Amino acid sequence: MQIYVCVKHVPDSAANIHIVDNLKIEESVPFLLNPYDEHAVTEAVVLKNQVPGSEIIAVCLGKKDAESTLRSALAMGADRGLLVETEKVCDSMTTARALHAAIVKDGPADMILTGKESIDNEGMQTQFRIGALFDFPVVTNAVSLDIKNGNAIVTCELAGGRTRTFDLSLPCVIGAGRGLNTPIYPTFPDVVKSRKKPIETLTLPELNVPAAPGSAKIVSMTPLVQKRHPRKITGTPSAQAAEIIRILKQEAKVLS
Amino acid sequence: MKQAGIVIEVEHNQVKETSLGMITLAGRTAESLTALVMDGITREITDQLAAHGVHTIVDLVLPDAPEIRLNPAVRAAAVVHAARELTLDRVLGLSSPEGKDLLPRVAALLDAPLVMDCVDVDLNTGLANTSQYSGKVMAQIQLTGETLVFGVRPNAVPPEPRPVQAKTVVLTDNEAVPENITLRSWDNKDSEGRQSLVEADIIIAGGRGLKNKDNFSLIIDCAEKLNAAPGASRVAVDEGWVPYAFQVGQTGEKVSPQVYIACGISGSIQHFAGMKTAKMIIAVNRDENAAIMANCDYQVPGDLFDILPEIMKQL
Amino acid sequence: MTKKYDAIIIGAGVIGTPIAYELCKMGYKTLNVDKVPDAGEGSTAGSCAIVRAHYSTEDGVALAYEGFKYWLDWENYLGNVTDEKGLAKYMNTGSILVKSDGHDWRKVKKHYDAVGVKYEEWDVDTVKKHVPPIDMHKYWPVRRPEDPTFYDEPTEMLEGAIFCPEGGYVNDPALSAHNIMRAAESKGGEFMFNAEVVDIRSENGKVKGITLKDGTQIDADIVVNVGGPHSFKVNQMAEGVWEGCNIKTKALRHEVMYCPSPDGYDYLNDGYHMSDGDIGCYERPEVGNMFLIGSEDPECDPQEWVDPDEFYAGKGGKGRDNVLTDAQWKAQCYRLGKRIPSLKVPNQPKGVVDLYDVSDDWIPIYDKSDLPGFYMAVGTSGNQYKNAPVVGRMMAELIDACEKGLDHDQEPFQYEFKYTQRTLNVGFFSRKREINYDSSFSVNG
């Protein structure tokens, strides 16, 4: 099988995000492989072990720095990398077109894996757009995957532990969720090996990435983490509990 | 803008409150609202929709067989069909678990831009506000294109009544059932699967104040009631009360839930490093001088052994 | 009204609390002030709390060995006080010092013999028997992953290691300071938190007291600087103190990594503390079956000196708010990955960033100052946690002797160890000393 894994170079979730010009984040924070994509890479390695002779190609759209994220994927077990290098900030419609074009050029693909979302923009849509461009079936938040009789049997999770199991014909696109596997982490010998694996750099013009009929553009950004001003909830334990429940429902809106 | 179509979610033959809130949000910037209802329409549903400002109610008729009707690819195709038939140039739906599997499909099929998890939307200008970077940033996003798709965060806006006259349209999608994706089985009952720490909206975490392993079950039970993920400070893990997977902090998981309820946790710097990006922090602690009491949104001075059972009782 | 104490101790970390405890036992009325909310919540909380005897000087070894005895006897040391948070636990794992070019281990061995530290010499096979996943190739010199030669195949083997059965770590360093605070309180000591000192007042050439940020003045004839990474700022507040020090201190940013143990290796229960100069790392077990990986400050690593106030306020450049750097994460984890080839290194860094209070020669200053009544226990350089209880006693006795008229600069105070039968010339830690070139100039001390 020819397995493509789309990965994204994102700021560490632990990093403090600072906003520049009310428009973009300060990029001096550590960047790493999107955590959901770790599950996608790991699943590709699992599949490769099941289907000997498979090849895993990690594909990434991003700046030159994103090469380090491809290296992480290679250290985890991908065989080679494709970096579609651009300085531009691309929205999901363009990203999907770029990744699609890179995979078409390199392919054919038997399976495309991604994380179910990226932890930076949290757009949750690129996998579906890639699927539509290829006309491949797509599922998201996959928690189990089996290949049987040339089909992919995939269980996906909705919230609250509800699941759905699909039968997808190959090739297909699968968005990996946290429950899919435990990510493989490279050992130092893996890292040494991965340094010899090839990364090919492509550009948007040479891929002839077509313009999208629409766009999503960030026009402003504001920080959400403010200084906290504690308010006290007093009274009997019963009154305190009632107030906590009220806050969860009416203010935080996390309980219905 | 011509027409806004709103994908409605129904539960127990009632329009979900969250869907009604989304209608209210859409009504702020759109004159004419069209509701797209799958899985059948009843009088109750049409009354609810009309009472909240929907002018046109579309009964999207899907095949009865649940394995077809519940297939998100089928549902997405039906919404796309309706959007084209009715020339909807705005499509809204909830960023709910179902919505996350539906709206991106719709956007991809329409090749239209999409913002998920919006807390505010202006349907005229195509501007939407959504959080990014694990809740650390609010971004305003401008969508451009023929059709624009928005996923609205549940409870972003509470529903407000706005009674109008509504007409009902029946639309049957005769498109072929997709062959490359079939639904084999589904499990709608809440399984015992515990919420994942990094993804949960609510985390309820316990620390030294729990005193021992047996008491920690109080946190776990309370988490189950709240549909929250249970967490712990390093001490609780170090003492062997809970596994390492529960640990929140510098050396455990870094989390950004909507609400973090810290019970019997003093709030060391290293614990804070793991949860300071929580949107709201509620601290339950007997010690009013504990560090966490100065660095939270709600301080609840008192005994967690009294307060948590009360919460469970009242839910 | 101005409150009055016999002694004010600035800092309530693991060094400040035992000084208070010991002074209280000697009859002094003490007050500790600290800007953090609770005892041990400053840089003590970020300490790896390692207890090991190897130092580059004989006095260093002797002090550590004496300190070790206190940890063994923790409850008695605390006077069996109760702490509602429970007691910190000393975990005796044993301590492995790898024989490498990165440590002057022959000198350490000589010091062990002189002090009477128990140890065994292990050859490579013995090390492997005790640490199954270890690879004893020689990787010296220490390099960074950015350097292509970092990945060169090693060809030589190391000689082995020196093993001390007595060594380990304290499981909760902040709690240990809290324990000592409770013990001090039981002897009459007082503590004030969320209180930042902005001035050291003096009168007629003698210390008079402190002023807090909110304007509160508190008086005492004795003021002790145990400000940790803030120590140089505190010294600068006191008249003539900073200028009177030949050895100065400053704050160094430092990262400690947490990396999961390889599958099948119960490092938490079967592992050892290890100092490995060949890769410039030290390790100890941590809850969650993790390797805690510290750096021994190899020459190739950059040193980032920071302003402690800016660091803790989150303004310290890439050091802001405890965010690890990817480059250092890879440096420390990959170095250990050479020694433990089955170690799995996650993509997301996990660990602690805090500050060392480093002196010019990485040996602490335990001394009086040029301002009568003002004392200092500073420059702990990331390596004095283990000595805290004995330093508390030694500082208290030093202060008492000076207050009773001893001219410590001319006739250095001689401290009698309580457990090991030795006398320590406290002048060794003088602020007036010349730089001690016997030092390792690293966290090893």
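Letters are used for the chains, namely A, B and C, taken in the order the chains are written, and counting of residues starts over at 1 for each.
Here, a contact is a pair of C-beta atoms (placed from the backbone, for glycine too) under 8 Å apart; a residue touches a chain by one contact, two chains touch by 3 or more.
Predicted model, so just to flag it, every value in this text is computed and none were measured.
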Q) Which two chains meet at the most C-beta pairs? A) A-B
Q | Label of the chain whose CA centroid is most distant from the centroid of subunit C | A | B
Q: Using mean Cα positions, find the chain sitting nearest the overall protein centre.
A: A
Q.
From the mean C-alpha coordinate of subunit A to that of subunit B, what's the distance rounded to whole Å?
A. 20
Q. Approximately how many whole Å separate the CA-defined centres of subunit A and subunit C?
A. 42
(Q) Measuring centre to centre with CA averages, how many angstrom lie between subunit B and subunit C? (A) 47
Q | Shared interface positions of subunit B, touching two or more other chains | A | 273, 294
Q. If you look at subunit A, which of its residues touch at least two other chains?
A. 13-14, 16, 35
Q. Can you list the subunit C residues in contact with two or more other chains?
A. 321
Q) What residues on subunit B touch subunit A, complex-wise? A) 17-18, 70-71, 73, 96-98, 100-101, 104-105, 107-109, 111-117, 127, 130-148, 151, 154-155, 178-193, 196, 198-199, 201-202, 226-227, 254, 256, 258-259, 261, 273, 276-277, 279-283, 293-303, 306-308, 310-311, 313-315
Q) Tell me, which parts of subunit C touch subunit B in their complex? A) 37-38, 41, 45-46, 85-86, 171-172, 174, 193, 258, 286-290, 321-322, 350-352
Q | Residue numbers on subunit A that touch subunit C, as the complex places them | A | 12-16, 28-33, 35, 38, 68, 72, 183-189, 191-192, 195
(Q) So in the complex, the part of subunit B that touches subunit C is made up of which residues? (A) 208, 234-235, 237-238, 244, 247, 250-252, 266, 268-270, 273, 289-291, 294
Q | Residue numbers on subunit C that touch subunit A, as the complex places them | A | 151, 260, 262, 314, 318, 320-321, 323-326, 329, 334, 337-338, 341-349
